[in-house]
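Scrolling down, you'll hit the structures one after another.
The two complexes that follow have chain A in common; it is paired with chain B in the first and with chain C in the second.
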Partner chain A sequence: MIGVELRKMLRSRRTWVTILLINALPTLVGVLLAVTDLGPRPGSGPAFLSAVLSDGTLFPLAAVAIVLPLFLPTAVAVVAGEAIAGEAQAGTLRYVLARPVGRTRLLVAKLVSVVVFVILAVLVVALSAYVLGSFLLGDQPVSASVSGTTLTSGQIAWRTALALGYAVLSMLGVAAIALFLSTIVESPLAAAMGALAVLIGSSLLLTLDAANSLSPFLPTRYWLSFIDLFRDPILWRNVVRGTGLQLAYVAVFLGAAWAHFTTKDITD
Partner chain B sequence: MIRTENLTKRYRAVVAVDQIDLDVREGDIYGFLGANGSGKTTTVRMLLGLAFATSGDIAITGQPMPKSRSTVLPMIGSLVEGPAAYGRLSGRNNLALFDAINATGVRRSRRTRIEEALDRVGLGGVDSRPVKTYSLGMRQRLGLAGAILRTPRLLILDEPTNGLDPQGIREIRDLLLDMNQQGTTVFLSSHLLAEVEQTCSRVGVLDRGRLVLQDDLATLTAPTGRTFVRTPDVAEAQRVLSSPVTALSDDSLLVETDDPGAVNTTLVRAGVRVLELGPERHTLEDVVLAATQSGTDSMARP
Partner chain C sequence: MTSLHRWLIVALTTALAIGTPLTLRALPASDSTSTPAERLDQLRASVNEPYSGYVESLGTLQLPVADELNELGPLFGERTRMRVWWNDPTLWRVDRLTATGEEDLIRDGNATTQWEYEGTKITHTREPAVRLPRLSDLLPPELARYLLSDVDAADVSALSSDRIAGRSALGLRVTPSDARSSVERVDVWIDEASGIPLRLSLFAAGSSNPALTSTFLDFAPGASSPEVFDFRHPRGSTVERPQVVDVADAANRFAPFRPPPTVADLPRSPARDLRGVAVYGDGLTQVLVIPLWDDIAAPLRNQLLDTQTVVQLTQGPALSVGPLGILLTRFLRSDGGWLIAGTVTAETLDQVAIDLRGARITPPQLSNS
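Moving on, here comes the complex of A and B:
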């Protein structure tokens, strides 16, 4: 079943168009930086962007930081929201389940397919940013660490890999929420919008001092903590918390999706 | 093959299916009749484990459903409330995908199985255009191809001829009869009396969620023990016949005897002109209409 879901996702033209669209913004930013040579001042603008003019190998990180807050989660919400509700809307859900496919298995296959989508999207963004960065942007190593010390290129490479992994992980919560909504509502669009509403709400609450006590539990709280991987030494605390939080979201919402989906009448 | 006991489905206050005891035997072509909204589709969904019964039991090939769905469902081909397919893929790719979904099928023979199924439903020559460009009839055929893809032991079909032209209906009927000959039990849910009458060996009739009738078609439409006569000389015929006679109209009458031969001899000897003569039979329509009330889609004033 997982194989079939992956095949469906990878063969769909929409998957690749979405990834290209996600990739469009960091590419545009990279080209603009290269052409104008006007970087943001250090400490302002998206993370790492001020450094890429001198060191292009940091651009993959900057690119991921650009798509992480909005583009990537939007795409994840749409893809995951489509998962069950889309099949129900097309009428194929009843035939898939009568084949038979266990409902639990279907849910897991859908989640795996969404995760693979996120991995693909992050890899495409990072790779094209790497190519763009090495050809168009600077090649002088700068003090890459946020703490001011210089990291070797080997250190940068594996910390970048860790950061990409963390970005993928950060999307798990959205995916689980959208998947849960997808088992409840009939329209894939409604499921995607619902998940996005949660994210927007979360981002808004993070700016509010009165909501401080909630912030460790908000799904977007630790998204940008991958910057901590570039401190010297690495500051693990928030990265670990972020990982735990995302896994907790998966456990809760996948559990809820499972509880609802396995006991519901399929009436599409 | 299919047995249900007190199968009931309640949606809040509405009882959609009310304590039905289905009995479909191996080798049957079972016609499941009922007006729109009488609970046919809900029953089919429960049989396939898509909807859960409020109470009652289902057994298919002796195994409880939905508990044994993973062993029972691979034996069943189904078509529920119209066909569905992934619109962007071709018919062949759709079948390949559905075949791959459950890995019980042998992978090597997938292509042959798909071509065979397409041939059987009359889509063998279809090209690679996406399903979203198919006509309703083609979609219906593709849905059927999906249902018969693994030569199931049991076919559960909900309105399988929906959207087909008379020629297509004929082809599908022949296909079902052919599959039945080869040992597939067919459960055919329909509101088309003619379709059921021409295809089925056994009939169940659902009325507002209740199974009001379940019997062999041959029994239901057996001769009634009376003889039907059409003649222009009604009065003359009534005079010469010894059995009690009911005049139906200006030119036809019913004789209370199960021996049409004797009636014929008497009439001809007396010089009565006989246009038509034979044992009286109820049509399936008579039987069904007598057993049911009007469907839930008619909202006439009481």
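Moving on, here comes the complex of A and C:
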């Protein structure tokens, strides 16, 4: 079942167009930086963007920081929102379920497919940013952590891999929310918009001091904490909390999708 | 399995996900019966205790903007996230954490190193006799040291215990009895085991919301390894070694004034090396006076006059920002003036300004200290 869903996702032209569109913004930013040689003012741009004019090999991290707040979650919401509601809208859900597989396995296969999509998207963004950064941006390796200490190339590679993994993990919550909504509504657009509404609401609440007590539970709270992996010593606090939070969202919303979908009357 | 059973499992999972962190936070704190005076003694005894942790402060003070005072606005008017490793008052490191980088302060002996990641800039300074507030001053133990250093035991009462950063903390309330103070109260919670302040909230007179709160979210007593304080210049960084740390340091060393020994009945701090700048009073009734040159005082005065809540006292425009009072006077023959700032009432600020007219004028001198 997982193999079927993966093949379907990988063979879809829309998958690759979406990934290219996600990649367009960091590519444009990289080209603009290379042409103008103007970095963001301290504190005003995405993480690591001020450093890439010196060290272009850091551009993959900056590129992930560029797509993580909006582009990547929007794509994830669209892809996950499509998972069940798309089949229902196309009238194929009945036929999918006619195969000798349980609905639970179908849900898990859909989630795995979305996760693989996120991994692909993050890898494409990181690799193309690395190529672009190496050729167009700075060529003086900074080799320094955010705290100013020197990191070996092995440490930088290990921390970058961790950061990319964390970026993928951060998208699990939005994928689970969109998948749950996809089992409820029959319009993929409605499921995607519902998930995006949750994310926008979360981002807004994070700016309010009055909502401070809610912030540890908001899905976007720890998204950009991957920068903590480049502090010295590594600040695990928010990375661990972010991981736990995303897993909790998966448990709750995938569970809700399962509870609803396994007993749902399928008419489409 | 019925639909009801499935939804019950989902409800249980949700309750576990939300309830587990809330339960951990709600673990009961100690029911210690120690007296307020004993807690105050415990706090004072902790001044040299080492610790490390993660701190968050939230200030609500909207300070006037001026070039030389720009760094104060974010410190006292925004949320600041910090990591700290504190071995003793001359060996510590405090990192301001931002979403795009960090800014570190490392004190080692009489020297302080500042690292700004996004500017790839290192600034080496010596520790001055007097300076403006900086990042490390926002830590709960440092705030407590400044604000509660000479608190009278009669002004202290006990607060109920709380659990802070996973540790049992004893509460203490300080309500100043001095009528000149603009502080309503200070609430502080100290670690039951070490006495180190874990949370401190400062309230302005007449306000029920704290003007400034600083709290440990993670805390560990004990010294940190020496590697944490070891800072070497990263490749490509720029290095600066300014002669003065800030405007207070510059004025203290080079301004041709000697403030009087007493203003508004507040005695001058006996701290060594204070010359052009003076600190009067102590604890929650403190005033800092700095003589400002024309090019610093004039724009600051314009900023004050443009503020809607400015009050014109007999000696100049004044502003109350939470518990902090600010008054800027004008010298007779120039646009320069005394900047008077402290946790005192407007009347006291005015009296301080009047008494400062007795400051001695000394010949300009160069100092190497």
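A few points about this structure:
Everything below uses one rule, namely that the second predicted complex is superposed on the first by the 266 of 268 C-alpha atoms of A that agree within 3 Å, B and C clash if a C-alpha of one lies under 4 Å from a C-alpha of the other, contacts with A are read in each partner's own complex, and residues count from 1 in each chain.
In this section, a contact is a pair of C-beta atoms (placed from the backbone, for glycine too) under 8 Å apart; a residue touches a chain by one contact, two chains touch by 3 or more.
Only a predicted model underlies this, so the values are computations on that prediction, with no experimental measurement involved.
In the superposition on chain A, contact of A:P46 is made with chain C only, not with chain B.
In the superposed model, A:Y95 makes contact with chain B only, not with chain C.
Using the contact criterion defined above for the overlaid structures, shared-chain residue A:A248 touches chain C, although it does not reach chain B. By the touch criterion defined above, A:S153 reaches neither chain B nor chain C.
Residue by residue along chain A, chain B and chain C are tallied for touches, and C comes out ahead. When the shared chain is aligned, no partner comes close enough to touch A:T104: not chain B, not chain C. Touch criterion met: A:V4 reaches chain B, while chain C stays clear of it. With both structures placed on the common chain, the touch criterion links A:T263 to chain B and to chain C. Looking at the shared chain after the overlay, A:S12 reaches chain B, while chain C stays out of its contact range.
Applying the stated touch rule to the two superposed structures, the overlap between the chain B and chain C interfaces on chain A comprises residues 263. Partner chain C is touched in their complex by these residues of chain A: 42-51, 54, 140-144, 146-150, 209, 216-217, 224, 227-228, 231, 233, 235, 237, 248, 251-252, 255-256, 258-259, 262-263. Against chain A, the residues of chain C that register as touching in their complex are 3, 6-7, 9-10, 13-14, 17-18, 21, 54, 58, 79, 83, 95, 97-102, 104, 115-120, 122, 217-218, 228, 231-232, 234-237. Partner chain B is touched in their complex by these residues of chain A: 1, 3-4, 7-8, 12-13, 90-92, 94-102, 263, 265-267.
The touching residues of chain B, when paired with chain A in their complex, are 45, 48-52, 69-70, 73-74, 76, 78, 80-88, 97-98, 100-102, 146.
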